[in-house]
């Protein structure tokens, strides 16, 4: 099993979620992060001054997956974030970590079937 | 604003009497009390704009909160300037073009009223500014119908044109002394503080606009939840406070009719709010804060046209009734599935109609009596009902058709609907280059 | 509201004089100025409700923010309706049942006062609505004592019954011209704007309720921190503004006594706030924003009964004194460990008592002089002190016992205390099916 | 506050006329209407404090939100107390020390004005409290210049001393009947509601303080973004409402001049806001909410000195002009890189100067006519321009130098600048021991 | 050493925390996440319309543990979340990841004793 | 490759970020967490009562790194948090997890060069 952490643009959450659902992955956890990277972030303007935030608001998606689903998930995310690229550099990352065990609290099931 | 005539006349008579000994009053002298209350009302009505911005702003998704609040605020900018340039003149100048609207070069830039005192002892400036607030808030109400999907530029141009072509004429018909609805029937169509002019017109226009622009991309398959109900609730509180200026100020005096208006306003709002939570409690088992706030609005909207003529008992019924029907209207909307995002029609349109029509059953006897005399003999509730229905239908038709035409034509020049990308990235980021809640992400 | 008599009489005398030439005044004519100020005050006092909602709402945990704000808002609904139905009548009708409370069928649905003008030239409607706001805010204050653990339904029924059985009688005793506390001693117990009626009764009832319902599940071993002090601070600001209506409006006129009340209100609030941050600074080394806000409240509460009789110097002392004692009271509370969650007693109860009692040392000479004449010869500070203490004790006893009885009986029919689950999941989710801050989680 | 003289005289004449028959007025009788409006204005101006707190508070980083709001709130505490003790006396007592400031033992603790009614029929208490609000808001405005890096204690002492040594004298010169700027030229320097006294002095002092204290540690290399623009926008709304009290209240009456002031206030604010979003739209392609709010302020600031003398047309130009120049000033600031954090100078200083100077081109003819007669024959715009420029220069010089001296001396005793650690950990945590937004982290 | 990520119901945080402390685990990090899963989430109601949010607010708990503590921790969480189940499907997951190294910033200690 | 999770004091974010950038690590993701530990947290005061929060606000930094950068990163963080220690116990932790794969969404690059 793998544990995927994907950092995406704030405004691509909906697309990504739909893409994942289409790929049969319905269980995810989403949170807010601020990112710092090379990405040309969408500027903000305050009192006539352009501010390139040094921490951009991004979305962090966490998914526990069985191995056979990993590629599906990654491709789903990659394709979903391709859309509306509107020329901005950088649209985040996917990190794949090893996952040793999962427990479904509701049923105490463990391992792959608990994902 | 009909009732006020009676009392302003009285007032000015009085003031003249008390002072005629002093000088030959070439123009009525100031009634410092009435003036004080009108100054205050004007400020209170302005308070409704931030109030509305909070109310609407809290209901959309975080990415659109600033854009939505700006719909209210920018109306404050656009409409004020327009009002000074042509609005006041079109609304309250003597009828031209067969009464379509009014015009008086005196009112251009308000240049002619620099020292005018109206009967009732109020400087005309205040009346003009008080009315300006109504012209501001009406388009701001419309914005609720197409929240989260309108381009800022498109919106600004829309409300400008809408204000000129829809609001000003309607206002003229209903409130100008030579407006034709003002003189309909025995004592005219009753619209004390803007049931038809403000709420019905805004609600209907909103509905038309919502249909014209279509629903949000994700509507209804993605559930969209309020970003800040705390703010929405607070906004409802400010609206309630501001509404005292809205209604009690519409008496254009500081006396009995103001007191009556304020009283029924308070009562109807409370009744509406209670009714909503009770209905919801029975229907869904929860008494929501948003429901309470919506009930406040429904009650306030319904009492707006009626504030001058109904008594407390009537106010309770009217408030509760409006809430009931608005609740129904929204349930129906959800079934039909069109995207009147913040229920501009569901609450302001429906509530306004309910108020404007059902008020006839609660009219103060004294009012009916005078109506009868004016009508020469008799004037029944049913006749007045006819008058009210006519007024409502005219407002609905004019606002509805007019709005559609405006949108249709304007859309040829400016894309009113926000671009796909703007809608996805959010109005705040795309049109305003800002984010509303910086504190949420580490920064 | 005693002082106002003097000045309203003067005013009406005046108005009559200036106008008697005009007609034989069958009823006093409108004083448009006084009316304007009373209309405004009524609106300002209503502003205190959102203000209080923000103040309290910001202090609880996020999961209860809406539920807590709804405690203030729902009072606006429940109490207004009740006031129209029976409250005004019970409070200001002629005494019945040996003066327990008043009643006048005229006041049912306010039907009898549709055109009444009071001496002072104010439509009775406004007086009634102004008073209604007091009936709204009092139970809303109580809610602070048992925040985060009361069922919404239970709360609504509680305030309804409490308003009828506790507030209305108290209000009658202290403010109705035939109330027995109104006629105690030479010039009656001094309670200009509600020290006993509003704050002491609310504070004491809150304390009783807090003890009756018991502490929150996690109190005190889990530290519970405010979810939004920014909102709390803003709420305190709105409360300050609203309090001008609360106090200066209680003069029921627009003249000297209003000015005096407004002045000491401003001063006492400032003195209270300063005192709190200084004390806190010395005691804890930090000057907290919540402390500043609490000091504002303590000062305002203390000056409420006194606003009509003390001068600026006295206001400073009274404000600072109240803050000192409230601060102490809260320290003691924390030691004793009972769960008066938002210090309804610690600030409103204690502050009200301090104000109602210590005001005697700062009474305007003119007032004492008149008191002496009325008392036929002499009237000392100590005699007045006796009167004040009596009034306070009566209020404390009546509110305390009464509240306990109400809770005890009511609890037999409805569980007032929130269920374990409701408390754990939060009032917002469980009773209202909403969340206050949608923006915090991605949505 | 010059204009008001004319109208108060008229008013009192009138009142006397109508009532002289009644008694030999030893002191002017109350004008309940004017009193009502002044009571209301006083409350409205107080509303500007929470408004300002929200406006400023939303613009800083989350860790400083409470500290920044406390800058506004604590001014409410400190300045009120000082005003009662010595401020009112220094500002409006008869000149001493060759007119540097005034003094009258009567005004100590306001003891001497307990029953005074001013011409115009307003209790002096209200005038004193109304003025107190100006003394509160001015230092609160300064705080914007050195936000996020000042120690709370240092700030409190600074505003106390600043109020005594800078504000009171300035106020005396401009508004006291024996102030030398009040009597400059034909009809004095025009400063209706505080362009020089409030905004210019605050802006300039802010600039000096910002330079004296130096920029924030991370300025400018770390981008610092607003924590809550939603609150900032709401605050701007409250400021707009409060400004009606600020300007229309400065007529010290409830009549024509109040109406004129209110009207131009509304118009200038709208024009300013529109201008800002348009300029920004052209310059940056985005119409920001913060820009709109800043435009509102720029317009309001510019109209403040002019509210009594310009007409609607002029108000539009003045509002737009002020916005344009303020926008420029801020662009320049960003180039120069000094850290006037929230643009206290960029908006209040610059806007105030623009208003105070350019108003001469839009003065109402009637005013100029009277000026001519007073000047004995002729009085040209250019002469008035001279007067205005003089007044502005004096205000700039006095406030600038004075502030520098105060800071220099005070800094010897108390570290005004926040410690490195305080700045890093945030004012909220370090000075107030609190956090503003508890809801953001699970708790 | 293991790194545990537990996603639980928003309103069970207090129970879970107390359970963990009883199990001798006093060091945790908690954050807000929005989850999407099979769970029948507690509905919300807006203007008479029942909304089943497609992203439910959950709580995310992160715990670095020595191996011998892992079971304790899991059991503590499982039991704590059993309570107040009130019939709602799904109360989240526990993910167990391998943890290679820990550093206590205060003391620079590394490895198991730094947990 | 490694995946670093660092929990630090809320108010040390700026220092840490600058230190990391100096160490050549410019890509990070930051989020809010509430922590419970042994740390003597900065107290808060409410109405004259000192509150020692049982959940302190901390900052969570997530960094995906190539192995050779791990020590650099850790040292940077350690040194940055040493500063302004102002006697408070506990300033968090660094957790180092194994990272199997990274994908740069923008370019589909995988592995070390995508970090």
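The chains carry the letters A, B, C, D, E and F, assigned in the order they are written, with residues numbered from 1 in each.
The rule is simple: a contact is a pair of C-beta atoms (placed from the backbone, for glycine too) under 8 Å apart; a residue touches a chain by one contact, two chains touch by 3 or more.
Keep in mind that this is a model prediction, so the values were computed, not measured.
Annotation of subunit E and subunit F: jointly contacted by A, B, C, D, touch as defined at the top. A count of contacting C-beta pairs for B-F and for C-E identifies C-E as the more extensively joined pair. The pairing of subunit A with subunit F is characterised as different-residue: of all residue numbers used at this interface, under half are used by both copies.
Averaging C-alpha coordinates per chain places the centre of subunit A 20 Å away from that of subunit E. If you average the Cα atoms of subunit D and of subunit E, the two centres end up 52 Å apart. One finds 33 Å separating the Cα centroids of subunit B and subunit D.
Multi-chain contact residues of subunit B, defined as those touching 2 or more other chains: 18, 31-34, 36-37, 40, 65, 222, 225-226, 228, 254, 284, 286, 288, 290, 433-437, 440-443. Shown for subunit F are the residues in touch with two or more other chains, namely 30-34, 44-46, 53-55, 97-98. Shown here, the protein chains touch in all possible pairs. Residue ranges on subunit F touching subunit E, taken from their complex, read 2, 5, 7-8, 31-38, 54-55, 58, 60, 74, 77-78, 81, 89-98.
Those residues of subunit F whose C-beta lies close enough to touch subunit A in the complex are 3, 17, 26-32, 62, 64, 97-106, 108, 114. Across the interface of their complex, subunit F is touched by residues 222-223, 225-226, 280, 283-284, 286, 288, 290-291, 294, 327, 330-331, 334, 343, 346 of subunit C.
Against subunit F, in their complex, subunit B makes its touches with residues 441-442. Remark: subunit B residues 18-19, 22, 29-37, 39-40, 42-43, 46-47, 49-50, 53-54, 57, 65-66, 69-70, 73-74, 76-78, 80-81, 84, 109-111, 114-115, 117, 122-123, 125-126, 128-129, 132, 152, 228, 231, 254, 428, 431-440, 443 touch subunit D in the complex.
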